[in-house]
Amino acid sequence: MFYHIKELQYNAKPDRPDPVYAKKLQEVLGGQFGEISVMMQYLFQGWNCRGEQKYRDMLLDIGTEEIAHVEMLATMIAQLLDNAPVEDQENAAKDPIIGAVMGGMNPQHAIVSGLGARPDDSEGYPWTSRYTIASGNLLADFRANLNAESQGRLQVVRLYEMTDDKGVRDMLSFLIARDTMHQNQWMAAIEELEQKQKPIVPATFNQQYEKQEVSYSFMNFSEGEESRQGRWASGKSMDGQAEFEYISEPRAMGQIPFLQPAPPHIHGTPPSPL
Amino acid sequence: MFYHIKELQYNAKPDRPDPVYAKKLQEVLGGQFGEISVMMQYLFQGWNCRGEQKYRDMLLDIGTEEIAHVEMLATMIAQLLDNAPVEDQENAAKDPIIGAVMGGMNPQHAIVSGLGARPDDSEGYPWTSRYTIASGNLLADFRANLNAESQGRLQVVRLYEMTDDKGVRDMLSFLIARDTMHQNQWMAAIEELEQKQKPIVPATFNQQYEKQEVSYSFMNFSEGEESRQGRWASGKSMDGQAEFEYISEPRAMGQIPFLQPAPPHIHGTPPSPL
Amino acid sequence: MFYHIKELQYNAKPDRPDPVYAKKLQEVLGGQFGEISVMMQYLFQGWNCRGEQKYRDMLLDIGTEEIAHVEMLATMIAQLLDNAPVEDQENAAKDPIIGAVMGGMNPQHAIVSGLGARPDDSEGYPWTSRYTIASGNLLADFRANLNAESQGRLQVVRLYEMTDDKGVRDMLSFLIARDTMHQNQWMAAIEELEQKQKPIVPATFNQQYEKQEVSYSFMNFSEGEESRQGRWASGKSMDGQAEFEYISEPRAMGQIPFLQPAPPHIHGTPPSPL
Amino acid sequence: MFYHIKELQYNAKPDRPDPVYAKKLQEVLGGQFGEISVMMQYLFQGWNCRGEQKYRDMLLDIGTEEIAHVEMLATMIAQLLDNAPVEDQENAAKDPIIGAVMGGMNPQHAIVSGLGARPDDSEGYPWTSRYTIASGNLLADFRANLNAESQGRLQVVRLYEMTDDKGVRDMLSFLIARDTMHQNQWMAAIEELEQKQKPIVPATFNQQYEKQEVSYSFMNFSEGEESRQGRWASGKSMDGQAEFEYISEPRAMGQIPFLQPAPPHIHGTPPSPL
Amino acid sequence: MFYHIKELQYNAKPDRPDPVYAKKLQEVLGGQFGEISVMMQYLFQGWNCRGEQKYRDMLLDIGTEEIAHVEMLATMIAQLLDNAPVEDQENAAKDPIIGAVMGGMNPQHAIVSGLGARPDDSEGYPWTSRYTIASGNLLADFRANLNAESQGRLQVVRLYEMTDDKGVRDMLSFLIARDTMHQNQWMAAIEELEQKQKPIVPATFNQQYEKQEVSYSFMNFSEGEESRQGRWASGKSMDGQAEFEYISEPRAMGQIPFLQPAPPHIHGTPPSPL
Amino acid sequence: MFYHIKELQYNAKPDRPDPVYAKKLQEVLGGQFGEISVMMQYLFQGWNCRGEQKYRDMLLDIGTEEIAHVEMLATMIAQLLDNAPVEDQENAAKDPIIGAVMGGMNPQHAIVSGLGARPDDSEGYPWTSRYTIASGNLLADFRANLNAESQGRLQVVRLYEMTDDKGVRDMLSFLIARDTMHQNQWMAAIEELEQKQKPIVPATFNQQYEKQEVSYSFMNFSEGEESRQGRWASGKSMDGQAEFEYISEPRAMGQIPFLQPAPPHIHGTPPSPL
């Protein structure tokens, strides 16, 4: 169960309205790697957690923090939309600054949400739960989380570069710092699990049932061998089980496919002239 | 540019048709972490690559291999659909085995694709490009890739457990082995980049601009302190810059939000009785 | 069955082209609360209607009218797109007015639909049938309809404020008037059904099977008690069955969840070190 | 900002696993009118609220409660999935009960989420933010909320009828009771706002600018006049401004549309033989 | 503007309920090539038509007919859902026939639409306007229409094979016949336009601006030359402008791509060790 | 299986960056009729092909070529994004040209993909597999392909008209030429199949089971008879089986629908006052 308090986790006050920036900032609210995504991802991983209680508790701690980040961004966006120009375009265009602003706004910020934040990304695409993952395997999921925090911090940093509003930058500096922590956090949790288990997910599948002759081979499917120069092409494999091997000219090992004609009730292409 | 050869990368021949399993196998073809996702993700990362040529080459090598995996799965699914029962349900239901099969099939396998594979997941949801990421930052993206291969191998292993068809298991044993390699590969590439850069993405953002007092703090937003027991709550941070700190009772640092009324042309809630 | 006549239900003639406004006007054609939504919602409610014939007839009357509204908006948008500038941007940008227009247009209006209206919203997001509802319970659905007409009229009014084109405003004044009627209509239909049934949907569920001690309690889940001041916090409940009660400090009534580990074939997080 | 406590708001313990029912129960978790929808809708309405503080507070109270409902449903679904049969279908089908269960399960519950709840509906369709609305006009939005609680309670009641598991029914009886309160709550809030403003949304648009001759007319667009029998066809209009009027044979008031040919660079249909 | 009459265009009465078939039949109502798709496609093509009036008129004739087909299918599906078993699964599964039925039903037919048709496909995926096309070029669009009627008739025929309900087959025999006409109709309209214009869309683009040395070459991008045997590989081209040519070993004509590093504010992969 | 070579199929080098045009060009990369669509459509048709080997081979030839077109467009877009202005809008707007550029850019090109191409359309909508079709009936599918190449060439031509960048136009002139070939190719393949089979898809359905009295009738569902003037309204039908007939006043042939009330556990509208 949850409780709400009225104060925001950190300040979210722009120096001045900026409806074009409001549109851009939607990306880290309702985009693929926005705060709604991590909020939902961590909460569902926590609720579904069948592992040790400390993982469930940790997931719900961070998931609960992310709801507060969604709240901060929504509050910021609503204020960036104050006084957005929505008068008629013809007149507006006579002032190139207003014209540029109106061309760059998300029209739904005026028409649909009445100067409120939307659970959408910077292109107006709605948030979808397919952005999240909770697989029941915590090592797999912590890698998803490390990715989400990496993409997320990258996007917030890019947005930081796109404004010089001190109030906006202040809030973003907080989110960037929390993402620093959260990348550290998932790296720590991953290290802990990799030490308990083997690093290949799922660790519980007996490797004797996989086609082991291709388990450590890099296959060079494009002309040229620049790809031979990486750590992945030679030396000990990262799971410590074998040596990496570089296959310069990988060969097909399978059949030439042949599908039998469909039965008549399927009305596929008739096998011969009627 | 690309060339095709007729042989599959590895055999894809089921021992017998199984239309219910065909539906399930769609997950690793057209699902969130299916082969279409990694194919598109690696190709776009390669095409957009502004880093060293060896990364571009490596990405296009593996992206090109993944097209072949899509091909193997599509071929397998088409064969699993051979002879699927599509006659009328009333009669079918009299034979409980046929009834169960028909209840468990994806009807679009008969009605729409005429016993062919579909670019959809196991629930019939279409593949969407929002499953992929290519951010222009390779460390961020390689973490996305490690996650994709972790989720992907986990799903293939689960599907391996759900059948005893030897032909299907043979093909899956190949895909599982390749995913072993691909997890190793992305771990290797990540290690290489983390050694060149700092591990926090993006490494190029000057941390003095982030709110550093919260950059290494775990915040306990739920009652109870089980979350204190993890590696993330104490000791050296993973980036080596600081010590983790555990905040038992995190406090709000921000304002109580107040939004000004919308201007009249927005027709929001009127501020007072009309 | 349906018949078409060539005249529009009302005039749809702009004074002049305005491709930026055409983009905005798409919201009330193909958006969440646009005319396609109400058209499809009323038609499906009518076709699925298992209640009295007068409701079916009324639903199909209004659904049929909405097809005519879709037609008016499509016709208007096509005319607003006449002469849209689509030449190359570099030159266009030299004239700030043209530049602003081109920046604010939906590029698909030129590239995809060739200056025709699209079944999309103002952000180019396609109309989806998930915007509609037909539940088989008319009281529930009439509330959906009243909401749709409220959101719809609000959006049309906002669009009315964003233009001074007399032809566009003339058409919008007609749609606004019809939405006045349609809000009245659904309020009337709701009143009629609430008088026949009880106002809580579904009226047919025996309330003795619900957890009645929380059926009339407002729970204050956030710090502070401003929410105590509303009609919902005290006095007779709207269904006349009880008094509203205000719970200042709601307490959890449930268990601390514990999930058992997944069986081995699921390959979840291993319960202990391997 | 938010805090979490470990206890659920109410018990969520099934008597026994039932993976087919788990699939159905997803509807009220991640469907169009599921708990995620109301959680997100109320939180965004609260965060965007530019009206009196008591409305903001009330919206965040109920939005915070809904997070707890999402938590209860996720917990319940995970337990209903315990011991779900995922072995191979061929053998399973020999036992018709297991066969029916496997045919009726959502395969993603095993393959993707490893026996965890998903943020999807009962057909596996992902939750999307387009299910929510926050318009900036509270009367409009409270009507959306009353609809959501009406559809929601209807769906939970239908699910109650589909099981005889006492633990499941106990939890549903709690949700049904809360929906009773929430329908009452929105009716109360609507009444309060309708008394302050006029009942037609938006109340602030001056009706002299709408085409008033059609503001109170029911138009009979289908053959037959059953629709004349309703409250909406005669008597005082619900807003008290006029009398309802019934138009038996509505006539078109608009032009026959004619669109000019597209300019050459659009490459539309050539106006005449080339 | 549109009028409705109460009679269906053709009978839609099943002999008996069949909820599993109801789910399947949704494909041709709300699927990619279902009746909603052609209805919306023809209406939008008509409303956007900038060509001769006879095309607009014809498009609106057929679009209006398709609304009647949507109506017939919705009516049929509602009746197929009469008496659908929705009691608890555990008991139901004891009767294998009921169990199979329940496993094969769409749960939303009971929970969400209360035994009504839905604007979705046979996998519960919602209809989306991205299924439709109206390009402003009638020859292009009539090819889209011929495809839609070809896919549509194929799907209806497959559904005809999946039932022996005489009432259902009677209705389908009508839809199949209309699709026969509609395929004929679009072939006729295409022939007419191809005779007025050249057959390559758009006919108005001056071919001297295309890279003419590859305008009539079939390129063999896969090993083996079976593809040489078709009409497309030799002989006069279909537009009569040239001879088809078969390129056995197509060669790349472009550069090896090289992208410059991103500027610092983008925070892409750093070009060298920091 | 597939191989990659480093050279592009044709040059993809713009003369200068143009981020607004980059947004527009996304349409033919990731839009409904973009290169991803034809790539996936042809590959799946090939992999699912149960007809003669020459069709499978031809489909995989062209599908493989289309991967190269996706590669060319992605490469071009990345270069058009070089040096895109992403600094703060307020300053930018002072220079109307920069302001227009920033208003017209896709913000995700900077924030999400770091100046890389995206698998989305020109409105930022993600590519979805629902754009493709592979029905198992090659005549039906070749019609889908002819449509795709017609819409595709039309869109590329429109984009050609919107730029005067010589490098961009050079690449587009190649794509336009290939689309000329591909329209010719599908016309040739269609002619070949129509001569083997009958032209109505599916040719294998015995027409005696369709309602033949309406198989060749054009029905005039809208007032006025302009639609009588087309080739579709009189003369020999295109399949040579009959004469077209024009029905001036089509009449309903079906029942007035009546649905029985839902059973009590569905909680539909109660049939009478409670």
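Letters are used for the chains, namely A, B, C, D, E and F, taken in the order the chains are written, and counting of residues starts over at 1 for each.
The definition used in the following text is that a residue touches a chain if its C-beta (ideal position, glycine included) is under 8 Å from a C-beta of that chain, and two chains touch if they have at least 3 such contacts.
Please read these numbers as outputs of a predicted model, since none were measured by experiment.
The chains that touch chain C as well as chain D are A, B, E, F. Most remote from chain A, judged by the distance between CA-atom centroids, is E. On a Cα centroid basis, the chain most remote from chain F in this structure is D. The chain pair B-C and the chain pair C-F differ in C-beta contact count, and the higher one is C-F. For the pair chain A and chain B, the distance between C-alpha centroids works out to 10 Å.
Chain A and chain F have centres, each the mean of its CA atoms, that are 29 Å apart.
Chain E has residues 1-9, 32, 47-48, 50, 55, 60-61, 64, 75, 78, 86-87, 96, 99-100, 103-104, 110, 112, 114-115, 120, 123-126, 128, 130, 135-137, 139, 154, 157-158, 161, 202, 205, 221-222, 224, 252, 254, 257, 259-260, 262, 265-268 in contact with two or more other chains.
Contacts between chains leave no pair untouched here, as each chain touches all the others.
If you check the complex, the residues on chain E that touch chain C are 1-9, 30, 36, 40, 43-44, 47-48, 50, 60-61, 63-64, 67-68, 70-71, 74-75, 78, 112-120, 126-130, 132, 134-137.
Remark: chain A residues 5-13, 32-33, 53-58, 60-62, 64-65, 72, 75, 78-79, 82-83, 86-87, 110, 114-115, 125, 128, 130-131, 133, 135, 137, 139-140, 143-144, 146-147, 150-151, 153-154, 157, 160, 169, 173-174, 176-178, 180-181, 183-185, 187-189, 191-192, 199-202, 205, 207, 209-222, 224-227, 229-232, 237-239, 244, 250, 252-257, 259-260, 262-263, 265-268 touch chain B in the complex.
Those residues of chain E that touch chain D in the complex are listed here as 1-6, 47-51, 55, 86-94, 96, 99-100, 102-104, 106-108, 110-112, 114, 120, 123-126, 136-139, 193, 196-198, 202-205. Residues 18, 20-21, 23-24, 27, 31-32, 96-97, 99-101, 103-104, 121-125, 154-155, 158-159, 161-165, 221-224, 252, 254, 257, 259-262, 264, 266-274 of chain D touch chain E in their complex.
Across the interface of their complex, chain D is touched by residues 154, 157-158, 161, 265-267 of chain F.
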